[in-house]
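Both of the next two complexes hold chain A, though its partner changes from chain B to chain C.
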Partner chain A sequence: MIKVKNLFHSYSNDEKYAVNDISFQVEKGEIFGFLGPSGAGKSTTQNILVGLLQLQKGEVEVAGYDVKQIKNKMFNKIGMSFEQSNVYNKMSGLENLEFYGKLFDVETRDPMDLIRMVGLDGKEKIKAGEYSKGMKHRLTFARSMINNPEIWFLDEPTTGLDPAIASNIKDIIKEQNEKGVTVFLTTHNMYIADELCDRVAFIVDGKIRLIDSPKQLKLKYGEKLVEVEYYKNGELLKESYSTVVEEEKNKLIEVIGSNDIQTMHTKEATLEEIFIKVTGRGLV
Partner chain B sequence: MIRKILLIFQRDLKTSVRNFITLYIIVVPVIFAVMINVFSPGINDTTVEIVLLEGENQRQEEYFRQFAKVEVLKTIEDIEERVIKRDNIIGVLPDQGDEYFILRQGNEPDYIVDYVKNLTAFDYYDIGIEDTTAEIVDYGRDIPPLKKLMVNIAIIFTSILGGMIIALNIVEEKTDNTISAINLSPVSRLGFIAGKSLIGVFIPIVGAFLLLLITGFRDINYFHAFLMVATTCLISVLVGFIEGVNNDDVMTAAGNMKLLFLPLFGSIAGAELLADKWQPLFYWIPFYWTYKGNNLVLSNTGSLLDIMKYSGIVLGISVVVFIVLAPRIRKGLE
Partner chain C sequence: MKLWYSFIKELKLSSKSWYFYIELGMAIVLLLVLLFVVPENFDTKSKEYIYLDLPQVVRDRFRDNLLEEDLDELSQKVEVEANNTIYAAELYETVESNIYLLDSMEALDAFSNSERVPAVHVRVNEDNQIVQTYYLQGYETQKLKNLLLVFQNSKAGHDVIEDYRDNIVVKSIYQDAEPLSDKENILPVFLTFNGSLMSLFIIAAYIFLDKDEGIIKAYAVTASSVWHYLLSKIGVIIITSIATTLIVTVPIMGLQPNYPVMILFLVTSGFFAASLGLFLTSYYKDIVQAFGALYIVIVILIMPNISYFTPSWDPDWVKIIPSYVMLQSFKEIISVNGNMSYVMLASLGFAVLGMDIFILANYRFKKTLTL
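And now, the complex of A and B:
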């Protein structure tokens, strides 16, 4: 659904590239995470993909359309939820969705359904200018679904939302993905990426350092240890056993079989730890 | 495409009436019209008014009524009180014998006083309208020139207000950051600009027509008026876009639109006050041609060809301005 080949972008039209020779593909039905710290080039890449920034150098294809010569029809197939909510403050939530929906040439969703989906029902007739930041963000998120997009670009979809609403948003993303929607998720929140993404790309200083599935990354970069807390002769003990070395695997089996286990954790690396290990940079 | 342009226009219209500043701008033409009616002299107001003592000289009263607007009051005190009021009414009161004296406030134009003096004398010497040796021929222009001038200026002013509304709407799109959302919908940049422009033409046309109706210009050619207003709006629309994309707050955008008032009033003053040899200095200002075209429309003396000539010149200047400003507008909307 998305093909990017040797993409460059410079805001100063010189050799200082904000995006520097990146290439990747996103398959249909995939949730692709684009992860990196602020200023890494995530939003620049995303803005080029959706046509908000002009393609300078490289090849980009989105939903079968060449982004170099964007056709308006392409926008019937894509949706985008912006990090900074951008709705008409003088119009109500419902009016915002109704107006935006009418701009599309394809069958659109019932605005009230979307309002309900993001938990704004009962407030749909209030002017968006009177909404809280989180409510505006949810309205922006709802609007991005109005045209039933085939490719859904999400820029920090849960930023600034309380945990319950963030969880609801994640559920909606999963639900849409199960219906076949391809998701391009831009975030610096590794927990969301870990939970949602089929594959992730790490981008730092405009370059992609790595692309893989979270599971593979954990297997590759994790320590492959199991940490066990157990009681033995009334004393609480804590041990780590390798899941690779045969001798330690047997010891682990023995401990589990003959003791009262309190806690047991695999020593998986988190995506954040892997990111730091691979890029040598933090995510903030 | 047309549907989307109308959608954008409808949205702008809806939010404009919810905003106090834009709502005020929309009703300004009506306020202008009412003010013009209040302050400018109407057709009847230009007639000389005379006040007489009731029943004093019935024949004189009938004679004056042929040539002036006559009021009759019961006492001399009433007449004195009436003459002191702000308008230019003149009292004709009996003096000793069969003579009359003229009572005036003192600040009336001389021609009015002379006119009343003459009428009194003509009546005294029994000179009637049949004794005249001249025939009056007129062009049927019964609108006072000051009123025409004020309506003309108000129409051009109204067209600038359209640009102001566009500037405010663009600033709203920028502050709400909604342009990026529109850019991700299947609305072309041209469609968006056209949709945004529509309100800048619609409001001035409706406003100008209301202005014309309220101020009494009901018998003019409204198609001619439409042509002049619609073409004049174009330049304001373009400036409205530029001010919108260049400014981030409503007050600055509205304030900068006032820059257009200088060429507006400058060209009108030039057209009215300067000699012919200086007129070419104003040829580059579209409002100069609009003013001339509107004059023809308001006096109902212009042919379609005349109106097309003036609106064509305004259109031509607007096209040149568009060519210069289009890249900046397009970039500003990205």
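And now, the complex of A and C:
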């Protein structure tokens, strides 16, 4: 669905590249996470993919369209949810969605269905300017689904939302993905990426350092340990055992068989830890 | 259809915006000023204060000459005030001036010194010659002094000058067009600046507001073109300028202007100005950054006003400033038997130029959507 080959971009039209020779592919039905700290080149890449920035050098294909010569028709297949809410403040939530629905050539969704989906029902007739930041964000998110996109670009979709609403947004993303929608997720939130993405790309200083699935990354970079909490002679003990070393594996089996186990976790590395390990950089 | 939906949306947004009501309000304020404050014609008659320090016979003859020029051939006994003192005077009202005959040298001094107006002392010298002494203020140009000399010589009966003067024929270049009153003459200035050129600034304000809210980016990722968005904004601004123009023009001018041509010209000149505004805004992120460029444009566009009110200053370079053509066009539109060919040609010019600039602006906007 997305093919990027040797993409470069410079804001100053010189050799200072904000995006420096990156290549990747996103398959149909995949949730692809584009992860990196601020200024890494995430938004620049996403803006090129959706035509907000002109392609300078490289080859980019989105939904079968060459981004070098963008056709309006391409946007019938694309949905874009921006990090900064950008809705008409003087129009109500419903009016916003109704208006954007008219700008596509394909069958669009019922604005009220979307309003309900993001939990704004009952507030659809209030001017968007009177919405809270979180409500505006949800409206922007809902708008990006109005044309039933085949490829859905999401820029920090849960930023600034409270946990319950963020969870609702994640469920919607999963639900849409199950229906076959390809998702390109740009974020610096490793937890949401870990939870949602089939594959992630780590980008730092305009270069992709690594592309793989979160599971593979954890297997490759995480420590293979199990942490156990158990009572022995009335005393709560906490120990870690390797799942690779034979002796420790046997110890673990013994502990499980003869003690009152309180908690037991595989000790995997988080995506954030892996990111730091791979790139040598934090995510802020 | 997408263009139509965008236009309707912009119309709705405008009706909810302060700019829209400020424009309508300003048009009403200007209408009230023109109706109730500005006179139909400004009183441009000069005032002359003369003391005839002459023998009675000569004085009577002078008075008789003045009476011949008086509009109703009657003088009026009036009282005039200078330096907090009331003086008696005789007023002769001619086509070009109000002439006050004062009755003492003291009154003449009072007017010359405290009121700082030109005054004339007319007397007879030892050789029985009439001597006219002008009390000027010191800032008069040599040209004016020369004119006074010519005037006095012609009065004194220098036949050559008088014959020459009498043989001068003044012809109006546009003999068919009737001159506008002073009040009507102000109207083209308003129509140019509120009707056409405000489009430049209003569209800049609208665009920067949308840039601030990120609206353009959201529009750019739909299946509609950016030019739909830009043109729908221009459409709304032109509708507003037509409304404000009619608010002011209809009560003042009635049915005299050529309204179809006026609307055509408002559309083309507004399209040109708004496209120029779009082009300018495409280079800047917000109105603060654009302020310098907008200020320069404002200053340049104001220049033709000087030429409009001072026709003797009309250099060629002023004539290529768009507001010059707009001023002249609106003047022709509201005049009886105005030169419509000029207006149609100007409309065509603005339409073609506007289209070129609009295409450039659209190209610039597509390139700078993330600004």
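Definition applied: the second predicted complex is superposed on the first by the 284 of 284 C-alpha atoms of A that agree within 3 Å, B and C clash if a C-alpha of one lies under 4 Å from a C-alpha of the other, contacts with A are read in each partner's own complex, and residues count from 1 in each chain.
Heads up, the rule we're going with is that a contact is a pair of C-beta atoms (placed from the backbone, for glycine too) under 8 Å apart; a residue touches a chain by one contact, two chains touch by 3 or more.
Everything quoted here is computed from the prediction, not taken from an experiment.
Upon superposition of the two complexes on chain A, a steric clash is found between chain B and chain C.
Looking at the shared chain after the overlay, A:89 reaches both chain B and chain C.
In the superposition on chain A, contact of A:20 is made with neither chain B nor chain C.
Contacts of A:143 after superposition on the shared chain: both chain B and chain C are touched.
Of the two partner chains placed by the overlay, neither chain B nor chain C lies in contact with A:279. When the two complexes are overlaid on their common chain A, residue A:72 makes contact with chain B and with chain C alike.
Common to the chain B-facing and chain C-facing surfaces of chain A are residues 50-52, 72-73, 75-76, 78, 80, 82, 84, 86-91, 99-100, 102-105, 143. Of all the residues in chain C, the ones that touch chain A in their complex are 1-2, 5-6, 9, 12-13, 16-17, 213-215, 217-225, 366-367, 369-370.
Listed in rising order, the residues of chain B touching chain A in the complex are 3-4, 7, 11, 14-15, 18-19, 172, 176-178, 180-188, 334.
Those residues of chain A that touch chain B in the complex are listed here as 50-52, 72-76, 78-80, 82, 84, 86-91, 95, 99-100, 102-105, 143.
Contacts from chain A toward chain C in the complex involve residues 47, 50-54, 72-73, 75-76, 78, 80, 82, 84-91, 99-100, 102-106, 140, 143, 147.
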